[in-house]
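Structures are listed in the sections that come next.
You will see chain A twice below: alongside chain B first, and alongside chain C after that.
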Partner chain A sequence: MVINEQKHDDIDIVILSGRFVMADAPEVRERLKTLVEAGQGKLLVNMESVTFIDSSACAVLISAFKAMQLKTGRLVLVNSPIVQSLIELTRLHTVFEIMPNAEAAIAALAAG
Partner chain B sequence: MRILIVDDDRVTRMVIERSLQRYGYETLTVDNINAALELVLKGVVQFVITDWLMPGGNGTMLCEQIRNANLPSYIYIIIVTALEDSQSVVEGMDAGADDFIRKPIQFDELHARIRAGERILQLEQELQENNLRLSETTNQLLAANETINHDLKMAATMQRSLLPNTSAQIQGIAIDWLFHPSTHLSGDIFNFFPLDKHHCGFYIIDVAGHGIASAMQSFTLSRLLSPDTQGGNYLKYRSLEAPYQKIIQSAPAVIAALNHQFQTDETNILYFTMVYGVIDTQAKTIELCQAGHPSSLYLHHNDAAEFIDEGGLAVGIIDGIDYHSVLLHYQPGDRLFLYSDGITECESADGEMFGSERLRRSVEKTRGLSIAETIQSLDLDIRTWRGSVGFDDDISLLVLAT
Partner chain C sequence: MLAKPKSDYDITLTIRSEVEQISLLCEALHALCLYASGSAECAFAVQQAAAEAINNVVEHAYHNQPDNEIVVGWYQEERQIHIDILDTGLSMVRLPKPILPDFEAESSRGWWIINASVDKYFYQTICDTFAGPVLHPGGIGTDFKVLENIPHTNILTLLKRF
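And then the complex of A and B:
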């Protein structure tokens, strides 16, 4: 799995691609943790190019989401179809803020 | 470093020897191949400077014999050849010589070539030491791995012993199961047990991830969800009025209590999905509560298999949320299938997931089979789909037969 980071004004963007499974979890967890702590409460995790996620990956996303909530910040996800369906299976779509694409996500985060 | 000088001419031997000694090297001299080989095999020299043409055996033979001897350390060989003779150089180096020098010998050139040879021997020495260290490390790793594997196998046996007994029915309900951890230990656990004379409870839990941490969480939950523990208990509570007997907790209440107790945080991010059910064997009902878990599959004895989709969020994510249950009325011959997503998300060699539709068809196929045969049939379908490789995620399935 490949991790890329970008910044758009005060919005931190993490772009993941490939398979996001247990072996990738520690590294992603660290990166997200750093961004949540150091950022300004606006984080976009773009998984449009993620081909598969497992429960370890979801655990990492939930952990970042909860940490962000403690900072009264926002974590927004953009999902590939397969990631979306796997997230819906555990009903996590009722927890996460999910946007259809990166532009919409950035607009939503910028609006505050 | 000790250098062996091989030459049948006494004067040549002395001249080379004197020159090398002036450069500070220790030397030995012989006048024939056999004596040379004997000294090399004894391990007393690391370097050989040999003439090419000698009575009783030439340089090719010596080189071949040294190389074939498979000595513990490398022997550096320089052959001394006549100016007009280029064939011996090719022959000699093919036979294993490392370098050559022409007669009459220019001694500063010989010295330079010897120094080059020393560098090679130094490299070889370092390589040997490295290999020894690697060998030792490898052995240590293998031994440690042995121990860990042994520990894991014991733990796996313990985990398996927590799984419910399949041979005895409880209040007329029989069960069987499939349990394939992806590594030694599974992050899945399930159980089936009596709650009182007319009630049984069952659950399946899938802790996020797989492997040791997930398995440890599954052990904890398994212990907590036992109806026999005295005092505080998730599955039953003592009524506050006489006769103060134990009352069975509703399925949503059990999951809500677990949700409160096991909220994920910085130190533990492992949430879990679960299904918990209470069967009333008198009223013939099943109160089912699902939390983020793959939909249970109900096989009516006289109707198509259907997924039970009602459910809430996985456990440990958001505290204080409400969970709801669905009440099923069962008839004799009906079967309920609980399973973990290791089955539906199981990928074939082409990367296609097994999926819930395929599971439904596999379950439909088991109509009329005994539950043991049902488990075998499902096991075969999943394994055939997967092919020969091991599973990426834990495989669990529990079937309850009324």
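And then the complex of A and C:
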């Protein structure tokens, strides 16, 4: 798992690449927690390059989502097909805000 | 000491009970299933189920202690792939039903994923002198506290047709 962070105006962007599984969960959880706490309530998690995901990753994303909700902020996901498949299997697509690509996600967050 | 002989399987894979080893094992299972079935969908489904199952072994059977062994036995029977995941850790008294938890729950999605990914799964604990009941989802077995100090093997079986 490779984690990159970017900033676009007041939007925090985390780009995850590779496998996002139980071994990676603690580090990603900590990074997202830091961004949620220190950020301005706009977070994009870009998983277009995530090649495999398990339920531990879902747990991390849910944790970040709940933390962001407490700040009345927004967490937006951009998913690879494999990530989207598991998100839908676990019906998390009914809760998470998901955009088709990073550009659309940034536009949505920028619009408030 | 595992109670089920490795000769039962076409291929046996063994890892230490470390989270970092799980992906490697699951990639190997993906490759085996792809070779056997020719189906990327079948291979991915098995990989997904195995990842969840082995996560459970590391976390719950072995309490994240790394000095244990997880063995995966694999064989193909006609158009069915048979995978046994064997451990010698804490035995499950019941095999959880594959229920999707409320959104707020961060955990407990593993069995749902396993159930959706394979055609059938079941669980059994055996030792040299005793074989527990075969547990199907929702099934309850014997209280295995008596086995804590007795060499035993827990076997989760995943079946996938292609």
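By our rule, the second predicted complex is superposed on the first by the 112 of 112 C-alpha atoms of A that agree within 3 Å, B and C clash if a C-alpha of one lies under 4 Å from a C-alpha of the other, contacts with A are read in each partner's own complex, and residues count from 1 in each chain.
Keep in mind that, in the parts below, a contact is a pair of C-beta atoms (placed from the backbone, for glycine too) under 8 Å apart; a residue touches a chain by one contact, two chains touch by 3 or more.
Keep in mind the model is a prediction, meaning the values are calculated, not measured.
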{"item": "Clash or fit (per the criteria above) of chain B with chain C on chain A", "value": "clash"}
{"item": "Touching partner for A:L77 - first (chain B), second (chain C), both, neither", "value": "neither"}
{"item": "Partner chain(s) touched by A:R19 [first = chain B, second = chain C, both, neither]", "value": "second"}
{"item": "First (chain B), second (chain C), both or neither touched by A:V45", "value": "neither"}
{"item": "Which of chain B and chain C A:L32 touches, first, second, both or neither", "value": "neither"}
{"item": "Touching partner for A:T90 - first (chain B), second (chain C), both, neither", "value": "both"}
{"item": "Segment of chain B intruding into chain C (one of 94-102, 238-246 or 310-318)", "value": "310-318"}
{"item": "Set intersection of chain A contacts, chain C complex versus chain B complex", "value": "21-22, 54-56, 58-59, 62-63, 66, 86, 89-92, 95"}
{"item": "Of chain C, residues touching chain A in the complex", "value": "19-20, 22-23, 26, 44, 47-48, 51-52, 55, 58-59, 100, 103-107, 109-110, 112-113, 116"}
{"item": "Sites on chain A touched by chain B in the complex", "value": "21-22, 25, 29, 54-56, 58-60, 62-63, 66-67, 86, 89-92, 94-95"}
{"item": "Residues of chain A defined as touching chain C within the complex", "value": "19, 21-23, 52, 54-56, 58-59, 62-63, 66, 82, 86, 89-92, 95"}
{"item": "Chain A partner contacts - residues on chain B that touch it in the complex", "value": "206, 208-211, 264-266, 269-271, 273, 292-294, 311-314, 317-318, 341, 345, 392-393"}
